[in-house]
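The structures come next, written out as structure tokens.
Common to both upcoming complexes is subunit A, partnered first by subunit B, then by subunit C.
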Partner chain A sequence: MAYSDKVLDHYSNPRNVGSMDKNDPNVGTGMVGAPECGDVMKLQVKVNPDTGIIEDAKFKTFGCGSAIASSSLATEMLKGKTVDEALAIKNTEIVNELALPPVKIHCSVLAEDAIKAAITNYKEKTAKEQAAVTL
Partner chain B sequence: MKFPIYMDYHATTPLDARVLDAMMPFLTNKFGNAASRNHAFGWEAEEAVEKARKQIATLIGANAKEIVITSGATESNNLAIKGVAEMYAERGNHIITAATEHKATLDTCKRLEKHGYRITYLPVLASGLIDMDMLRESITDKTILISLMYANNEIGVIQPVREIGKLAKEKGVLFHTDAVQAVGKVPVNVIDDNIDLLSISGHKLYGPKGVGALYVRRKSPRVQLTAQIDGGGHERGMRSGTLNVPGIVGLGEACELCRKEMASESVRLAGLRDKLKAKLEGALDEVYINGSMESRLPHNLNISFAFVEGESLLMGINDVAVSSGSACTSATLEPSYVLKALGAGDDIAHSSIRFGLGRFTTDEEVDYVAQKVISVVQHLRELSPLYEMFKEGVDLSKVQWTAH
Partner chain C sequence: MDYFSFFGLERKLTLDASRLQQRFYQLSKEYHPDRFAQKPAEERLKAEEASAILNDGYRVLRDPVQRAEYVLRQEGFDIGEQRSKDVPPELLEEVFELNMALEELRHGDEDARASLKEAHGKFVAMRAAADEELCALGRRYDETPGRDALQQIRALLNRRRYIRNLVAEVEKELA
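Right, the complex of A and B next:
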């Protein structure tokens, strides 16, 4: 299969690889996929609690080149967005940007799921914290 | 070094230049039909075919009269299995094969199932070998054929063919073996191994594509087949169609070269393969060899790099031609059924790479490939959340994954 230049670029120079402290209250972590299925994405966001803006995003992915590229691109898209804007990101944006062929669309779906999982995790954490404060 | 480096010799092999030399006259001036009995063009073609038949037979310890020419091993397997099933239908309807066979065998058996035959698909051990006791217990008075491959095309594991042949003979059951990956690479002898039918493919032993052979035993027992292609009655009625003379000449020459060079070639390739294995295992943790290392083709290495997905690894070593059992590299989007049959789990299949070395593989190439694979695996493990978790001591089998 031939890969698009953008996929190759993200594969060779993945953006924002790494991990953040998942116990940090401002960090939301999402992990989706399964090893038996051939892809697992871990995506993390660090949110500024005052502005609600995502200041940093990191990923690690086990998966094919398109899965790596999708999650790498997702971290780029996330930075600077508010939490709610992030939730509105659609997998089709990733498909278009990376020119993914039909057999690789599930990689973009997984990246969207990872974004949602990370944001949800962050929201749950802050909700809990607020609950703790109001107690 | 020439790039890309070819290390996928189980998929196909390049034509040996000496084979092309032997074929060339039959692609040009010597164009006769081997079935033309009344002029020199025909005689010349027939003579060339008979010489090739002898070369093919000699490589496997058979008689030239026992070689039926086909278009390749897919056809040979079809002819052997369907031909026996039809011919011996009155004697029984049960065939035994294994889960790790090539699709040319499995899908042929599946078709027969639709026509009322009963097929036993033997599981394999973690080594990739069949369990001889299980085979023995599977044989019933309705069993007419055992079809088990000599060596597997993915993991290179060599089945206990001699024992299987002996058992089949004892029980009066015919034994077919798909020996595509073994013939010309390791010594194969149809007499010593009690093989009744054996499939060969030209393009797997440095011959041309689109030509193959089926060995059909002529005595003790005399095996009969129902033809699957009807026509002019060529190949003693077992396979009609004008003979592919240049292809057959090429197959013959390829067999002769293998016979002469196999001993030294297999030692050389085993040395290179072992070096590749040692380098990879020396530099990387968590690598797993798929299938038995003891009973294996000398030029095969099938290895899984845990926590790294196969297709992404292939992408990183894009100047090296190898293949992977990862779902992402297969047309069906399923991980390799052969690796799954070993019972190691789908994740091991997703992380597997098959290296197939061959006649034109050099020492330098092996060094380059080893180095490249090591650096790409390291890069991908930096990216791998699974490797990170493993390093943190997380038991990945206990994690609740969100399968999709």
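Right, the complex of A and C next:
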């Protein structure tokens, strides 16, 4: 199957590959996977606690080209967004941007799941911190 | 058509392999095309259909993994479209770490091959352990059928699928 130019671009030159300290209270980590194809995707966001804006995003994905491209694009989309804006990102945006064929749509769904998991993790962390402060 | 009842077997996850094979041979004879060559078209067609079910069913039932997936599907579990919400987070961590190790080995030096072989042995052992666990869970389900047992089996099959992929990855590297 032929990949679109955009997928190939992200695949051969992935943006924001790497990882951040998951114990950092400002870092949210999302780990998702699809057993059927064996993909695993880790996506992390670093949030400025004062502004609620995502300052950095990193990912590491083991999977097919579309899964790598989807998560690479996701990290680009995340930077500069607020956590709530990030939660509103839909997989269809990734599908359109990368021109993913129907058989690869699940890769974009995985990326959306990863974003949600990372933000949820960040929110849980801050909620816990606040609870600790009030105690 | 339920494969278990087609074969005249009890619907159990632990299946007597020799009994299954025996039934397969019996039914194969029963529906053999030669026996229907002179029969009316309608009967011939029915026998052909039965032969097809027989072969599909035998392929599914004789393999413990496919058999478990078949029962899960019958019980309303979605098998094809699994997403991470069905995978325990510890497993994702584990698979991620294993992939990281595999990647490091790939980019490594001459020692990588030995390490890859070692990793291969480890993954194969993990797969064997998963197969044993599948047997144990199957026995438990047969004794006391319930959603809990099926849920556990499904989680195990997810895990096994990841391991199977890792084994394939390493074998590709070693080839």
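Points worth noting:
Convention: the second predicted complex is superposed on the first by the 131 of 135 C-alpha atoms of A that agree within 3 Å, B and C clash if a C-alpha of one lies under 4 Å from a C-alpha of the other, contacts with A are read in each partner's own complex, and residues count from 1 in each chain.
Criterion: a contact is a pair of C-beta atoms (placed from the backbone, for glycine too) under 8 Å apart; a residue touches a chain by one contact, two chains touch by 3 or more.
Bear in mind that the values here come from a model prediction, so they are computed numbers and not experimental data.
Of the two partner chains placed around the shared chain by superposition, subunit B is the only one that A:11 touches, whereas subunit C remains out of contact. Once the two complexes are laid over each other on the shared chain, residue contacts for A:32 go to subunit B and to subunit C alike. Of the two partner chains placed around the shared chain by superposition, subunit B is the only one that A:103 touches, whereas subunit C remains out of contact. By the touch criterion defined above, A:83 reaches neither subunit B nor subunit C.
When the shared chain is aligned, no partner comes close enough to touch A:94: not subunit B, not subunit C. Judged by the touch definition given at the top, the superposed model places A:115 against neither subunit B nor subunit C. Judged by the touch definition given at the top, the superposed model places A:45 against neither subunit B nor subunit C. Shared contact residues of subunit A with subunit B and subunit C: 31-38, 40, 42, 60, 62, 106, 109-110, 113. Touching subunit C in their complex are the following residues of subunit A: 31-38, 40, 42, 60, 62, 106, 109-110, 113, 117. Contact residues on subunit B toward subunit A in their complex (touch as defined above): 307-309, 311-312, 315-316, 326-328, 333, 335, 345-347, 350, 382-388, 396, 401-404.
The part of subunit C that touches subunit A in the complex is made up of residues 80-87, 89, 91-93, 95-96, 99-100, 103, 158-159, 161-162, 165-166. Contacts from subunit A toward subunit B in the complex involve residues 3, 8, 11, 14, 17, 19, 31-42, 60-65, 67-68, 103, 106, 109-110, 113.
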